[in-house]
Amino acid sequence: MPGIKVDKNHCKGCETCVKVCPQQILTMSKDITVRGYFYALMADPSRCIGCRICAISCPDSAIDVVTNGTVFELFPY
Amino acid sequence: MNEDARTLFSRPESLNEVVTHYCPGCTHGVIHRLVAEVLDELGVRENTVGVAPVGCSVFIYKYLGTDFLEAPHGRAPALATGFKRLRPDMMVFTYQGDGDLASIGMGEIVHAANRGEKITTIFVNNAVYGMTGGQMAPTTMPGQVTTTSPGGRNVNDTGYPIRVAELLSALVTPNYIERVAVHTPQHIIKAKQAIRKAFTYQKEGRCFSLVEVLSTCPTNWGKTTEESLDWVESRMVPYFPLGCYKDPETAEVPDGAV
Amino acid sequence: MAKILMKGNEAIAEAAIKAGCVNYFCYPITPQNEVGEYMARRLPEVGGAFLQGESEVAVGNMLFGAASTGQRVFTTSSSPGISLMQESISYMAGAHLPVVIVNIMRGGPGLGGILPAQSDYFQATKGGGHGDYRLLVLAPSTIQEAVDLMMLSFHLAEKYRNPVMIIGDGMIGQMMEPVEFPEHHEEPELPSNDLWAITGAKGREPRVIKSLFLDPKLLDDNSWNLYDKYARMEREEIRFESYRIKPKNKILIVSYGTMARICQTAIDELEKDGVSVGLFRPITLFPFPSKQIAKEAKKKNIENVLVIEMSTAQMKEDVDLAVLGAKPVKFYGETGGLVPSPDAVKEQIMKLIKNPNDELKRR
Amino acid sequence: MAQYEVTLAGFGGQGIMTAGQLLAYSGMAEGRKVVWLPSYGPEMRGGTAYCTVVVSPDRIGSPIINNPTCCCVFNRPSFDKFAPRVRPGGLLLVNSSLIDVESDRTDITQLLVPANDMAMKAGNPKAANIVILGALIGASEVLSYKVVEKTMKEKLGGKKDLLPSNIKLLREGYNLARKELGKKEKV
Amino acid sequence: MNEDARTLFSRPESLNEVVTHYCPGCTHGVIHRLVAEVLDELGVRENTVGVAPVGCSVFIYKYLGTDFLEAPHGRAPALATGFKRLRPDMMVFTYQGDGDLASIGMGEIVHAANRGEKITTIFVNNAVYGMTGGQMAPTTMPGQVTTTSPGGRNVNDTGYPIRVAELLSALVTPNYIERVAVHTPQHIIKAKQAIRKAFTYQKEGRCFSLVEVLSTCPTNWGKTTEESLDWVESRMVPYFPLGCYKDPETAEVPDGAV
Amino acid sequence: MAKILMKGNEAIAEAAIKAGCVNYFCYPITPQNEVGEYMARRLPEVGGAFLQGESEVAVGNMLFGAASTGQRVFTTSSSPGISLMQESISYMAGAHLPVVIVNIMRGGPGLGGILPAQSDYFQATKGGGHGDYRLLVLAPSTIQEAVDLMMLSFHLAEKYRNPVMIIGDGMIGQMMEPVEFPEHHEEPELPSNDLWAITGAKGREPRVIKSLFLDPKLLDDNSWNLYDKYARMEREEIRFESYRIKPKNKILIVSYGTMARICQTAIDELEKDGVSVGLFRPITLFPFPSKQIAKEAKKKNIENVLVIEMSTAQMKEDVDLAVLGAKPVKFYGETGGLVPSPDAVKEQIMKLIKNPNDELKRR
Amino acid sequence: MAQYEVTLAGFGGQGIMTAGQLLAYSGMAEGRKVVWLPSYGPEMRGGTAYCTVVVSPDRIGSPIINNPTCCCVFNRPSFDKFAPRVRPGGLLLVNSSLIDVESDRTDITQLLVPANDMAMKAGNPKAANIVILGALIGASEVLSYKVVEKTMKEKLGGKKDLLPSNIKLLREGYNLARKELGKKEKV
Amino acid sequence: MPGIKVDKNHCKGCETCVKVCPQQILTMSKDITVRGYFYALMADPSRCIGCRICAISCPDSAIDVVTNGTVFELFPY
């Protein structure tokens, strides 16, 4: 199953990933990081398709996309 | 379909594990990553020197894993020229903002491009002076409010925004010049292709290459990330049309240039 | 090697090549254009990099980039062009880069004139750019010396990892004199430039050449490290020439560059008339031979120190600082192309001998 | 011989600089110390061009010579500017082809040389400078005629076809000076 | 037909009775006269300030009867800007060579043009650094021998000559930009028309105006007057096509420049 | 007028307007951006010319053009930006143009840092550009003084027809302090600028503003005329402040700008502990109050002169030149953002009081 | 009252600069000498922002204060940086909403103020700075509450709708400090 | 009859006028001016049509064109 890992050290809470996720499954945390930012979370991890769009768009390279199972054929990047 | 357990996306090797000083949502970070990915893909990190500008990206040397020079404001193309002329075997790129490249550094970029220096310039156009707190840049949009155009840029007083890609493409020397943007995933993908092409041409010793990247500055635009990304599309792209302006493959040399 | 008659500018160019510097960036400006023209012919022959940049601002920064490779590089220019390089010079000094810059001075300020002058003394020695840095400054008085100092300058630049400036007036650039180049050029060994140069991060951590230190502690360290370098230069690099300094001299002339040669003629002629005067000629202008001048000036026989320059009394400040009131320091000079003749110098000396307590008409 | 200073002055294009350099090369060839200093001042374009050569047995101090031992003036403006500057007892060589006046100074030796006419006659119209150079050597004896001729052969070797004519003109200049000044040996 | 006894042609009033320092045949002199004639015809001599460059024309202030500023090399447009911003009622023009304008002064001319400063620039392109003795200029022709391109300009090393009129016309700000030449009487007549138009637009407060004039440098080209005039026609005109590149009457402002 | 709390940069901007200068050209650089931002808002209100130029090189030359109109004009920048103006400054000095340039200094050399420093002392006072010229240099230590000197500067620039430079460290730009602007600004009368300004050759001979003098005699005259102006400044414009200078002081501190304020705190605190130290604060850095410092230093009670600066001992040279060996001149300083604290200053003073013959650790 | 120095530190966006300026304006209104000095250093972006205010009856010397009488720390990095710097006998105000530690210094007075929580509760989430300002006045008595409230009314007048809530929070901060430190008069 | 006056003070002998004269009636002097230049002359004054082409082309504005009689309608300049 695909999913993302958000690095709380890098995430600055810009919400770009939330905006671009085609599945609209990302949301922001309620608590803040040591740097004072809300960070991105998967609200509904089960719906992630591993498309990498969030990661490609993240200005802080805070997102890793991982999978331990099936994903669709990915666009070349 | 594909069934392996694996990482589908992670930070490129050439991008250091360091938290940047960029503001939340600032697309300088995206552009850094694209450069890092291309360096990785071409396998040139260890044979590359970057030239950092003065501007928000002055610290790029902390973020990318190549050697770096830190240039005076606007002069990165001159440093790159000096370096490359002595080390044509190395890859040399400059990373410059619009204040840096299009204002104080106009002379240097025009001449580096005109000489056809075998270097690559990543030109980050965010329509404002980011680092110094939001003054008007040569690329500031008509009517755009900045700290030094508090009534909005008045084109009768300060002219129209400079379109760098078009301007440099007016030079005869055959170069590679393309304008891209990074405000949507689709644009990011195209931007990366252009950056790769730019570095590839350099690697082949073909020509000077410049990729102009439309970028955001949420902080000085006074906008949220989302508003900023939308503003690139609604205001900047119409005036700064995306696309390839010049390619050595197709460039023509005019009459009289025997 | 046999002596050949050469124009100063061309001799400077050839000297650089002989010293192993085959990289040169320039922008045309009188009276030093022959350097670039010579290099444009010679460097393709020896396989070096020649480039005429778009401006002195760009050239200063091309040097910056070029020096970062660890290879030798230099430029030549003249006064207004040197002013335009001040930002890049400050950056290169801050980043500890070895480069050589030759200033064949013309009269100033502004566009001024193109005739010989020594009016850029302050700019060269006090640092015309911003911040706490200095250049190592050398001042030849003959074409042969220009050749010798040119060849030395690259070594000094690397020894201290600091920009070195050679200043000469237009005569140094335009005169022809016989010169001799050494058969083999040898230099004391130094740690390899590869230890700091930018060569690609292969098998080592990435390197950055920079002058940005936002942490004030690091910036402070950098400034004082520079200061320490300058103190070391003062211990190790002072160069000067004494001419006819004798116990019977009442006057000690301090003069540099071509002006000092003119003083020598005056001194020789006076000697024939039975009037004996000594000359101290600083060759390093920074570090300045203060102690050495002080020693000469403090000798009992000396009544007056006489500074003669083609500027409005710039080096005089350094002589004042050296002598620190131990003896009166008088000044005579003309500037911007009105080169004082040996006769004019003689006249001033005679005045001072007659009336040791008078001020001289400053020109 | 003591230090000898020569200023050569004329229009740009009259070969002033070349004549001065030939003199300097010759001095070097004779083992003297030499300095050649061109004017590169405001007069550069469309005015007077001049250079100064110092030939000396000893180390040369000032390269700037206000009152040279000898002035060679090729045109009227140079005559006006430099004739008054010759050191008393010195030598003034006047290109009388283009200068129709004479100096009224009595404290110097003045020699009129119709250099352009002589060059024209020899079919080598640009060689007035060589005539004057010859006359200078003849009149001053600052260097031997031989060494100057040798230098000229080496340095103007490029223009091979003009060389015989140049040598002839150098000699003519020399001999004219000898004759006018009542000196014996000719070449 | 016309039967009056009269002077058909004489020096314009704005051209001082002074012999210039220019070399024989140098067309700087023609261009000076054209400017003087236009100043006379528009009756603006007494309300005009010229800005002299550094270059062979540095002494233009001796030759024209207007007030003058003597600018540092390449910076005439900046001086003109400073002056004109404080005295919009006066006429301000710069007179610049190709080394001055297209090399060291590239930044200043691009920005003055882009801001649409209400000044006029007479740009004298003689493909070489005249005053300093014939070094390569950004406008030096491919293969042209100069003292710093002794083997002829190598476009692979130093790029192609910069075509200033085309380059500046790539800016969006609506300006007047025309290229003319002065190597034949016919061209001189057209050149004068362009110069008059440039000054007229300024007088009307319309726009920035620049006239690029192809000029000769017999001395540094190593050519006779006649060969020089011919060389303009045979070598320069094909590469530097004559004509109007931009006119505010017809200039279009692109999409997105609201 | 009532006191208002203002940031230094904004106070400087408003002071210029109050002094009748409504023309301003700039290029952004920290830590002085607020000046330009303020002017961008204010100048359209008062009908002046505001323009952000494309570079400091251009801005320096825009000043040149603007000042030629005879109207008042100024710019502000910071260290690297000032280096880029050196050519134009030299030209303006050579052409006798009145302009005002404010340098809110940052640490250097190179890109350095943006924290307070005083490392551009030499550049400002000795002339960073080429040729024989100087600037009149003023150094405020409070925002009120910045306002007062700013208002004075235009008059001085016109009185001498010479560029005036105001230098302050980043604190001067960034601090807020209460300031008061005079109700009416009055100045001593001067000959009209119309006597030299460029106004169109109507009813008079055409005028040229230039620094080109190819005739060496004229260039020489121009250089010595400048020199005479500077001598006149020295007679008429010296400004300084003495603080707690008393017959019992053993130490005379010389310090300027904000650094001098810090010294004042240290001195005040020492005074409470019964240790009495005096401070001499030069306000004009060129002309430098040499005679006045010499007079204080030579007083019997003074054992040591102590120069305290945020640079690697630049002003110290001028103090040495003033004191000329009459008393030992010691130095303490930090540079590039490491602002010495009052405690650090006290510590150095106490060391010197205990061991008057020791050198201080220089930082 | 003698010279009083306050450093306020936190994230950019927490209103640190505004709180400092309100303090400086208030000091001026009470006829004191004041200096406000922002940090504009490397921390400018994405790090700690801080400013220092000096309020004094006399001419203020150094605007640089290494050991202020009082530090108000709004977040953890500021706490780490500034808590050790408070002058012995001085005051440390800790925004306990975001900082979950306390200083172990015993030579200073430490006051924990849940400023963000209080502001959030008042429906004015950005006004944690006002709470801290109130607490600072309450704890230090450097200025009178009245003058600070008056200044706030004048200077934050622009945001009229928030004014009542701001005044309330200023007062709450003040009173909290009074209470915690066992001081009597409240407002 | 139209004709030209060449100012010997300004003429630098560049020969441009000789080249451009449509009537080909200009030539250079045998003697030189004080500045050392040969100067332009009318070889055949009678054929001058007063067209001004020489004057327009002269880089040194050394030529005045005058007439004391008939000339053709001149092109506007």
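Each chain carries a letter (A, B, C, D, E, F, G and H) given by its place in the written order, and its residues are counted from 1.
Definition applied: a residue touches a chain if its C-beta (ideal position, glycine included) is under 8 Å from a C-beta of that chain, and two chains touch if they have at least 3 such contacts.
Please read these numbers as outputs of a predicted model, since none were measured by experiment.
Colleague: Looking at the contacts, which chains touch subunit A and subunit E alike?
Modeller: Touching subunit A and subunit E alike, sorted by label: B.
Colleague: Which chains sit in contact with both members of the pair subunit B and subunit E?
Modeller: C, F
Colleague: Can you check which chain pair, F-G or E-F, has more C-beta pairs in contact?
Modeller: By number of C-beta pairs in contact, E-F is the larger.
Colleague: Taking each chain's centre as the mean of its CA atoms, which one is most distant from subunit H?
Modeller: Greatest centre separation from subunit H goes to chain G.
Colleague: Could you put a whole-Å number on the gap between the CA centroids of subunit A and subunit D?
Modeller: About 88 Å, centre to centre.
Colleague: Between subunit A and subunit B, what is the separation of their C-alpha centroids in Å?
Modeller: 26
Colleague: Averaging over Cα atoms per chain, report the distance between subunit B and subunit C in Å.
Modeller: Taking the mean C-alpha position of each chain, the two centres sit 40 Å apart.
Colleague: Can you list the residues of subunit C that touch 2 or more other chains?
Modeller: Touching at least two other chains: 30, 51, 54-55, 57, 80, 87, 91, 95, 110-111, 113-115, 210-212, 214-216, 337.
Colleague: In subunit H, which residues are in touch with two or more of the other chains?
Modeller: Only 12, 35 qualify.
Colleague: When you check subunit G against every other chain, which residues touch at least two of them?
Modeller: Within subunit G, residues 41-42, 46 contact more than one other chain.
Colleague: Okay, in this complex, where on subunit F does subunit B touch?
Modeller: 27-30, 33, 36-37, 40-41, 44, 51-52, 54-57, 80, 110-111
Colleague: Once bound in the complex, which stretches of subunit D touch subunit H?
Modeller: 11, 46, 75-77, 98
Colleague: Show me the residue ranges of subunit G that touch subunit F in the complex, using the header's touch definition.
Modeller: Contacts found on subunit G: 21, 24-25, 28, 33-38, 40-42, 59-64, 66.
Colleague: For the complex, which residues does subunit C have touching subunit F?
Modeller: Contact set of subunit C toward subunit F: 57, 79-80, 82-84, 86-87, 90-95, 105, 107-115, 117, 119-120, 122-123, 126-133, 210-217, 219-220, 222-224, 226-227, 311-314, 317, 320-321, 324-326, 334-338, 362-363.
Colleague: With touch defined as at the start, can you tell me which subunit F residues reach subunit E in the complex?
Modeller: It is residues 23, 25, 49, 51, 53-55, 57-69, 71, 73, 87-88, 91, 95, 198-203, 206-212 of subunit F that touch subunit E.
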